[in-house]
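Look for subunit A in each of the two complexes below; its partner is subunit B in the first and subunit C in the second.
Up next is the complex of A and B:
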């Protein structure tokens, strides 16, 4: 998946997450995480986001995450939406999305 | 271990979501877009903000309000890429209504194609916004902090130009060049000479903000062409951090009010703390300003603030031809008065060539119609 513009999704409400993705000129994955549960779950969130990126075949991205203690399923939903927006994909292939 | 974590997150989440639901149900909040063109919608926002000692900026172009039973509990606005007029009623502080407001503004900005937001805050409130992903660009101590989101963009920007750094001594110039005249050329030559004497380089920043009569790309190109023979001068775009509508909003307004002092200060603190170190700048040269009060106030602030960052400020007298100080505004005045011929003596060949090209037609028309400072 190629990111052709900035993609954003989510809110800053409690239990939600706001995710912004854009292409990384350095051609790698860079995750900037800000979370109110950073201490307990920072590493888990980072590796979870990495695994979703890998699934979506994204190899170059800067991912800004403002997490307000969202569950993994919420993070996945917000990230997938942001990635689709960034890639300019408006038709979702629901079967491909896990 | 994983299960334990999940359970803890789930517990936290359930607790949180119960709180949110209770918050929304008990207080019955709704979030609305304010039709600010309609005075019956604008008035309550103005009154709400004035109770918080804030004013409703006339240049906002999107406003949301969180309401409870018709009364405003929190509000926030966008003016282009700047988040403005954010306020929460004291009785609801702590119920994270700022999050609701900022979320709405951020998504709206995104849909408008804006992916870089700025926000001014009083230093005592900056934490609230930093918790929402904003980071500090610069501070005018005690007065105002400029924040941006995504955080850390300024670091990416300075990293992008830092390969032009040559040692720890260099001279900088910042110019709008609307358009590039012999006056600008004179200043660039002076700087190039001074730098060459000690083997230094000159960093010339052209204001990026596209609010001048001559378009951004034209201004930049005319500076490049007009200084191409000065081998130790590098021309940079000022980007969003040097005299931009974010760092110095009042520069683009004619009225030199109180805000100019704070904004000029903010712009210079950002220059001193962020940009100068990235390029090893320890001198800033500036042309004397005989006409424009805003630019004059900026020059005064420069002499006050930059030395605190060990940057020497040198004011160079204007180049005069005959009895006339050469300035871009003088050039525009001549164009306005249909005396284009006389401009030839005030601009370098490259600018003169542009003014006589077909491309310049619409710009010249615009100058004749408008009477603007920058």
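Up next is the complex of A and C:
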């Protein structure tokens, strides 16, 4: 998946997460995390986000995460939305989204 | 008998409400992808509900997703995503004709087949929200074997009728009756519309008592506080339960003596009264009221 613009999704409400993704000129994955549960779950969130990026074949991205204690399923949904928006995808391939 | 006393609305793009939707113990939760989600956030809400349904255990609460109509740019994607997330029910808003339901049914079947899901496993609810839908209610009720119920949406309905909602609900009377008759004739559940003034408990109670006495199976609710009020009104009283017990014991006694009719407190007991008594005890049982051991065995059999 190629990111052609900045994609953003989510809010700063409790149990939500705001995720912004854009292409990384350095051609690698950079994750910037701010979370109210950083001490306990920071490593988990980073590795979870990396695994979703890998699954979606994103190899170059800067990912800004502002987490308000979101569940994994919420982080995943917001990341998927932001990535689709950043890639300019408006026709969703639900057969591929597992 | 399945209980659908309460169907709690949950805005589809609010993670805080989505994750806790079932803790209020409504019989169903309805994740909304339609009116509560702005056009710019339709994709985000769809992903959120897709992931929530695949991850969160909503226990015994029935999961319903209100999709956007197929005549919008979002409806087809909603169906393609939601069928794969496997809610119990998909609810179609603003149903006007049997063809509306048939089109969703066909699309659900195609997605079920493509995704390797047993065909027919996702059920359907039709929401009727305007005069055209009301006059087609019976044809709508018969339009798909997936249908399990019809819900009434009064806010759009009164706008369509060029009127507004009153506390007495006179403007809704015909539509409620039509939807109820159509649902009963087709063997479906009938769910009444929301009561929007969440601060008017007294008005809410009056409306729930009205729709219960009309025969509705339950009500759509927009605030968790309303759930327990509806359940309380729909739960049989001990007086009703004891009366039902007497009726069933009397008819059992009569049947053992070779008769089909009995009498309790001077009133003749026949088949419809026995059916109502059985329904009362079943409702009590499903509402979690303790019944005696013999009755529990009968329901668990």
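The definition used in the following text is that the second predicted complex is superposed on the first by the 98 of 98 C-alpha atoms of A that agree within 3 Å, B and C clash if a C-alpha of one lies under 4 Å from a C-alpha of the other, contacts with A are read in each partner's own complex, and residues count from 1 in each chain.
The criterion applied here is as follows: a residue touches a chain if its C-beta (ideal position, glycine included) is under 8 Å from a C-beta of that chain, and two chains touch if they have at least 3 such contacts.
Every value quoted in this text rests on a predicted model; they were computed, and no experiment measured them.
J.: Considering only the touch criterion stated at the top, classify A:81 as touching first (subunit B), second (subunit C), both, or neither.
T.: Second partner only.
J.: In the overlay, answer first, second, both or neither for which of subunit B and subunit C A:22 touches.
T.: first
J.: First (subunit B), second (subunit C), both or neither: which does A:32 touch?
T.: Once the two structures are laid over each other on A, A:32 reaches subunit B alone.
J.: Let me test your reading of the model: by the given contact rule, A:44 touches which partner, first (subunit B), second (subunit C), both or neither?
T.: Only subunit B is touched by A:44; subunit C is not.
J.: Using the touch definition from the top, say if A:6 reaches subunit B (first), subunit C (second), both or neither.
T.: Only subunit B is touched by A:6; subunit C is not.
J.: By the touch definition at the top of the document, which applies to A:14: first (subunit B), second (subunit C), both, or neither?
T.: Both partners.
J.: In the superposed view, which residues of subunit A touch subunit B and also subunit C?
T.: 10, 13-15, 70-72
J.: Provide the residue numbers of subunit B that touch subunit A in the complex, in ascending order.
T.: 5-6, 8-10, 12-13, 16-17, 19-20, 96, 99-100, 102-103, 106-107, 110, 115, 131-133, 150-152
J.: For a test of understanding, state which residues of subunit A touch subunit B in their complex under the given definition.
T.: Subunit A reaches subunit B through residues 6, 8, 10-15, 18, 20, 22, 32, 34, 36-37, 40-41, 44, 64, 66, 68-72.
J.: Of all residues in subunit A, which touch subunit C in the complex?
T.: For this pair, the touching residues of subunit A are 9-10, 13-16, 70-74, 76-78, 80-81, 84-85, 92, 94-95, 97.
J.: Which of the residues in subunit C come into contact with subunit A in the complex?
T.: On the subunit C side, the touching residues are 14-16, 18-19, 43-44, 47-48, 50-52, 54-56, 77, 80-81, 84, 111, 114-115.
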